[in-house]
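Taking it in order: structure first as structure tokens, then the write-up.
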Amino acid sequence: MEAVWKVPEGGGLTAAAEALLPQSGVEHPVTAVLLNFRAYDTWLELGVILLGLLAIYAVGGIKRYPKQNEAGEDPLLRQVMLFFTPVLFLFGAFLLYFGKSGPGGAFQAGVLWGAIGILLHLGGKLVFSVIPRSLGQLLLTIGLGFFLSLGFLLLARGAAFFEYPPAYAGVLILIIETLAAISIATTLTAMFANLNQENKEETNESKPTN
Amino acid sequence: METTSFLPVLILISSLIPGVLILLLREEQVALRTSLNLFGAFAKVAMVAWAFFGYMRGETYDFIFSLAPDLTFALRLDALGLFFAALSSVLWLITTVYAIGYLDKGPHQNRFFAFFSLCVTASTGIALSGNVITFFIFYEFLTLSTYPLVVHKGTDDAVAAGRTYLWYTIGGGTVLFLGVVGLYVVAGPIYFGQTEIIAGLISEFPTQLSILFFLILTGLGVKAAIFPLHGWLPTSMVAPAPVSALLHAVAVVKAGAFGIVRLVYDVYGVGIAEEMNYLAVLAVFAAFTIIYGSVRALYQDDFKKRLAFSTVSQVSYIALGVAIPGALSSTGAIVHLVHQGIMKITMFFAAGNVAETYGYKKISQLNGMGRRMPLTMGAFTIAVFGMIGVPPAAGFISKWYLGLGAVEAGSYWVILVLLVSSALNAAYFLPIVYRAWFCEPEQEEVPRLRPGRLETQALMLIPVVVTGLLSLAAGVFAAVAGSPLSIAREIAEKLYLL
Amino acid sequence: MTDLPTSPYPALLVGLPVMMAILSLFFRPRGKAFLGLIGCLLTAVLAIFAFVEVTQLGTVIHRLGGWEPPLGILLRMDALAAVFIGMTALVGALISLYAWRYFDAQDTSTDGFPLFWPLWLFLWAGLNGLFLSNDLFNLFVTLEVIGISAVALAVLSGKAGALVSGLRYLLAAITGSMSYLFGVALIYGSTGTLDLEMLGQVLEAGPATTFALLVMTLGLMIKMAGFPFHFWLPPAHSNSLAPVSALLSALVVKGAFYILLRLWMEVFGVSLTYAAGQLIGVAGAIAVIWGSWQAFMQTSLKLIVAHSSVAQLGYLLMVFPLLILPSGVSAASADWLSPAWTASVYQVLSHAFAKASFFLSAGIIVMAVGHDRIESLRDLVGHMRMTALAIGLAGVSLIGLPPSGGFMGKWMLLKGIFLSGQWWWAPVVLVGSLLTAGYIFMLLRLAFAPTGEKEPFQPVPKRLEVFALLLAVSSFLIVLPADYLIQFLEGSEVFGSGIETVLKGGAYGNN
Amino acid sequence: MEIYQIYSMTSAVLFVIGMGGVFMSKHFIKKIIATIIMGGGVFLAFVSFAQRDALSFADPVPHALVITGIVVAVASAAFALALARRIFQLTGEESFTNDK
Amino acid sequence: MIWLLTIVLPLLAAVLTPFIPAGRRGSGWVFVAATLPALWLGLVEVSGVTAEWFLLGSDFSLDTPRRIILLLTAILWATAGLFADAYLKDDVRRGEFAFYFGLTMAGNFGLLISAEVTSFYTFFALMTFASYGLVIHSRTPAARRAARIYLVMAIIGELFLITALYLAVQSSGSMLLADIPPALAEAANGRFIFWLGLIGFGVKVGVIPLYFWLPLAHPAAPAPASAVLSGAMIKAGLVGWMHLAPVGLVEWPTISLLMVSLGFAATFGAAIYGLTQVDPKTNLAYSSISQMGIMTVFLGMGLYGGIPAALLLPAIGLYAFNHGTAKALLFMGTALPAKVGGAWRLLMWAGLGLGVLAIAGGPLTGGLWTKYLVKTFLGESSLPGAQTFLLLLTLSAVTTTLLLSRFLHLLSRIKAPSGTMAPAFLLPWVLLLLAGGWWTMSPTLLPADLLAHMAGEKGILDYYLYLHTNWAAFWPIATGVLIMALTLKVAALNWWPTKEPLLPAGDFIHIILLVGDGLAKFVRKGVAWLTSTAKSLDGPEKLFYRISDSQRTIQKSAAAESVLRRWDFVGIGFFIFFLTLFFLLR
């Protein structure tokens, strides 16, 4: 059995990554790989998340979120919401920024902010009934859309797809990260809202609307 | 091998384009459809004639188009090819006239005439194909284009007959496919006439080449209705008369026979075929089919079924002729290709006329038909005497050469087969003539399905008379320069001088 | 590697569909459909331009982010990829046109499944990404993009049957991807690079490589519905909407096959053995016989066509044994490699066109009759001539009767089989095509059979029939440029290559 | 037996358990959880190859790949759960019957 | 050009006459006109011609024996044509009879003048099949049965003939009929080929085993048709033999002895059997068979060798000529007694008497000549037992006279119409009587050398007066007549049947039919079995349908598919596939 499992020594890409780190615009090698060397993968990954949402819409149908004037919510839940929302937001923002030089980045921040959305949703404050429909869609697609249009822009300037000009690499990565975090958060909230909406209208067999 | 002229393609297109156009027409555009059809038919006959004279002057007509690196689509006009092309184009013209008369108020005529033209494109393609792969492509195309014709009537038994038809032809086609690919792999691309290729390889791959020969033979045997593979022919008699006339007398059945002629003469060469005694096997099968077909025909009361079984036995004459080595027997085989076509098409026309005018499908109902339809039954009688091999009708000529060839090759049992089959032919055809001319009909006045001055519609009468006279003329004027016999003799001689 | 010409097309090919998908999300259903159609046509045109560029420049690459592999990801578009992308473009465009009219004709309550368009555009982007990508992990991501969007499309109709088969399809897809990913991990662990070209040179035989090969092959076999793992395909493809099942059958399964072909030919040459090829061949053969027989037995139209897909994919798998040379035979001397490769390309192309046309025609019939039991086919020839002709032509191409594309595929396959001496595959190919003829002509038999009812078929928009017929005819037209296509394919080094299995132990590198 | 070999062995075990779970368990949710376990196993394999010895830096590429992998796995798991839920609502089925 | 006309004119006549309106009687003269070219060819020596375009390139020529027979045929067809026109005036199917009459005439002339194998066979076949129409003309059940037997025998004969021709042409290498006898002489299978020819033409000639159709067919046909059948067409078989037999080139003792003995057997057997018949026409048919017997003897002698063909064949030709005209006269004569009344009966009986005398070979008739010819050749030939054959020959004269007097006796019992009246068809009968020239003219037809050989130094005329020959010819006839008179007058001896023939006509056929019915039952059972097995053979695909269409298979396959669809089985499949691939990769 030993023979089967003897994984040969083969060195990874550590050295290569170390060498090119300065041109990547960020200090933390993982973020560099994630957002510069293999930006294409990450872009596709954002696409997958959006695709996941579309898939859930395909299953459950795109829902309308009626205005909620749910007064007198359970006081304990209100308190939890009031306390956690800012904390999560700040912690997310920190992770987002810290990603440049340490572990962190768009996905971690996005998840935390998504948690805020879901918390609000649970607390009766239906996020999507508050914000207008088109803004909701914009938020959903801003991460992927910006990344893609950046790529086209670079292509137009003759560079390769996602080949950031070395000078602005750091700034661009930061912008991409923030927008990605926002759209990830919105997508996760939308997923939860769509599925949650389901419980309310248990009865009517609604086909995917609009 | 490079393209020297586009004539072969023109000949093919002359029936392909009308076919496709008619598919797109609406059912009511009768005039347009008929004119398209007839124009195509005349154009094809004219071009074939022109090619024929061109060939006489020694011109060569090749058309080469390479499909894939070593898969070339080649059309070539040689004597044998022209011979069969002339047969199918002339008989197509006549059958189109007949079909127009036969179907004039029937449903789905567009579909019928479209596939009718496609089917003739396929059979002319088979005639003009220059190498084995093109032959195979048109051979399969023929199956596809004939299926809608067999099920044209749309009744349940027509569809069942179609199913049987497909079961055989597709099965045969697959076996042929295996054979053709195998041949291709062992001997590379073979153009008809290049028999030296296989001559070189026979010592190296004797078993493979033999297996391939018999695979291809089985594939061809299905369409040539040789014994174990003939089941589809009688069942597809349910098709309308022009279909069974052109297809089961000329196009489909002859494609198989023509294929066998090509296979033995132009691919393997007679020398090898005889040396590896392929011919002996073919002879045995052909002989058995001749007898079997005749015996089965003896016991059919349905008119077209009897004709079908007679076709089964008659086509095997060609196979038998090919199976006997010698210039005389191959002349007999090649000329029988045309003679059988003409005679059989007359018979089917006659059967069609009787069925359409009086609705009689059984032989027992044919009493006194001679008086009611003298011209049709007259032509039928000429064809009957041809089939039995009584001079001066055409059939005698081919049987004469087959007999002489058999004697020359010293296989006397073949003569015995010829005699027994002639006797059987007489046994199942003469009663029909006897009923038609020498018996009184049961009831005097019989209502006619298609009233009219003539014995039946003009469009159906003329073709019968024409083909009847043709089968007589092919016999009486056999020795004349352009006659089928002289061409066949020339082909056969060229074969053996090689 | 680096000397090949670069061009922006590969990036655009993936970017443009995603862009159009995103834009279409912002619009009302009518807008979504219109923008979706525009997106599809644009992508198709782009693909044709890319194809033309490859014909001129030969293999084209695009270093994403400007980084050299192994760190960066490389998009490579050689002749083989170009053909696949071209196929996706043509078939995709025609299906989109069909879908546009198909959803219009649907009843307004579901106002035309608006989500079809964004999902289909994502699927298209995934397919293009897959054909172009030269990086193992990136292939995983594209596989997932395709997997999720395909399942989402499959469940669009919302019926319970569709959902269950969709879930079965999704679970199979995830399992396949995960086992593929596990292989990628192993490869990365042992070589440290993910780029296919470099792997080809760097990888040497050993337990890890063999294990990786095993797991990745099985993963892709699941995604591709190879024989033991074809269970999810028939229900999924037959329960979904007509254009969707056409997409799934014609294009999606081809993606997984493409990766399997590339991996075996470019990466795992070192540890492959002749026997392994034979096993895949056996799996393919069983698929051919089993699929055709099942199709012959079904009584519902869409299930027949779905099972026929399982069979036709079997033919694709049967090419592998020809490409792996017995020990001692050098690739140069093996003259059956080029026909084998042509066979696989033509089988893919003709199947894509024919199967798409078949499913679209099935869609038309279901729309006209309401259900898809084959009894509904009666007297189809009398009423809907073009659909009958489409089914006829598509059927002929599936059977492989000349002069169709399928014939070219079967001819080359048989030639390869005979040249390589592995004659035992020949009867399987022939029995397969006989059985295919069985169920195709069963349908045609019914199409010609008479029916009692007066008006069996409700009127159906003429354009649908035209698109279905166009697809069927093009499965014949692809034969014409065969000569040029094969010369063009000779350009890519993987086309026509074979794996020489020198006498060496696969799994243990004990040579 | 370095530390990373233990990790890679556990990842293989997790993978096998996950695969077994997908095939053998009946209930939808069990199958979906099994896929997630399988995913976990695979990502652990990636990570276990990242750092072989205590000295050098960990190889960033597997980490990045794992992050991307996890997100993809999440998306597909979410979709699968939504599907399972919808099926349960429509038909009340919780496992695959072998119908069409 | 004349050659072409001999064939084309009758064909034209055949096609045109049916359209002549029933009332008018032109068809007779049309037929006479049609025979003119043949008559001309018969009389005047015209050089042969080759028609490249016809069939496989045929050529036409005549040698003396065939010219004599052609003359005979022309005369018969002309008179029969006239006779038929009058005889069938009120028959409803006149047109059809004329059509078949014309066709048969064309066939008959064609086969006589053609000198090449295929055209000979063509016209032979045309004559055979067209004469079927004549035989079946009256459409009575007896006629239909006779016609069917005639056709079956004719086809069997044709099959033997075509085989003989195949072999002959192959051995001689050329299509010309003239080349066949020398080829047969040398060829190893020469005898075999001649055997086939013997049987092939034997059917038409009515040689012993194959003759039974003749006594049924000839009487069944209307009088003019049977006249032509018996007179001209029976000779066609003889001509065929002449083409094939290598007379004078070869010594085939076995075959010649066999032919001679068969000939005499036919002569005596047929004559005796003929006596038992009641219908005059059947009686005549048997007399034809017995006369053809003598001709078989004549030819048989030739095959023994020693006699040059140039001498023997014209002699046979003359014999045929004499017999043909006389027999036609008698056959047509059978229609006269019922219609001829008054003074004309005298003329009728005189003609009939002369006819009988000619056939029996009585003095002052052509018959005398022909008998003498046979005697001289028999005398000279080195055939063993030639003397006994001479005796038999004279005896045959006795039996023939006996048979024919019985014929006259039968005719005399037909009631004469009251009042003197002469039917329109008496004229052609009288013409035939004159045109026959059977009593004086016939020897002039012979070639000079044969005449010289025959009559020695004495001229023809004085030969007639030479007492000895006359006496030698007279006494057998006298005895025949004497016996006939005795049996009629003396009651005890008068056993002549009047109503029912003692033995059924066409004796041999009844045995065959008996055996045939038994056989037929057996054959039919065998064929029924064959067709049933063949039906199953015909439909191998039906076996496949039964499997593929049956519901059970559909359920079983659906069950198999659902097994494969279960997740756990897929898992096991995965595992097994994994293991096998793992081991295969080692």
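Note that the chains take the letters A, B, C, D and E in the order they are written out, and that residue 1 is the start of every chain.
Everything that follows uses one rule, which is that a contact is a pair of C-beta atoms (placed from the backbone, for glycine too) under 8 Å apart; a residue touches a chain by one contact, two chains touch by 3 or more.
Small disclaimer: the values here were computed from a predicted structure and weren't measured.
Counting hops only between chains that touch, chain A reaches chain B in a minimum of 2.
Identification of common neighbours of chain A and chain C yields D.
The most distant chain from chain E is A, comparing centres defined as mean Cα coordinates. Across the structure, the highest number of inter-chain C-beta contacts is found for A-C.
Innermost chain of the displayed assembly, by C-alpha centre distance to the whole-protein C-alpha centre, is B.
Centre to centre, using the average C-alpha position, chain A and chain E are separated by 112 Å. A straight line joining the Cα centres of chain B and chain D is 68 Å long. Rounded to whole angstrom units, the spacing between the C-alpha centres of chain B and chain E is 38. One simple way to say how far apart two chains are is to compare their mean CA positions; for chain D and chain E this gives 103 Å.
Among all residues of chain E, those that touch two or more other chains are 565-566, 570, 574. Chain contacts: chain A has residues 5, 7, 12-13, 17, 33, 37-38, 41, 45, 48, 51-52, 55, 59 touching two or more partner chains.
Residues of chain B in contact with at least two other chains: 163. Chain pairs that touch, as defined above: A-C, A-D, B-C, B-E, C-D, C-E, D-E. Chain contact summary for the complex, chain E toward chain D: residues 562-563, 565-568, 570-572, 574.
Put simply, chain E touches chain C in their complex at residues 548, 553-554, 557-558, 561, 564-566, 570, 573-574, 576-578, 580-582, 584-586.
Partner chain E is touched in their complex by these residues of chain B: 163-164, 167-168, 228, 230-231, 234-235, 292, 295-296, 298-299, 385, 389-392, 396-397, 400, 403-404, 406-408, 415, 419, 422-423, 426, 430, 438, 475-480, 485. The part of chain C that touches chain B in the complex is made up of residues 338, 342, 379, 381-382, 385, 389, 396, 399, 401-403, 407-408, 410-412, 414-415, 418-419, 426, 430, 433-434, 437, 441, 444-445, 448-450, 479, 482-483, 486. Across the complex, chain A meets chain C through its residues 3-8, 10-13, 16-17, 20, 33, 36-41, 44-45, 47-48, 50-52, 54-55, 57-59, 61-62, 134, 137-138, 140-141, 144-145, 148-149, 151-152, 155, 159-164, 207-208, 210.
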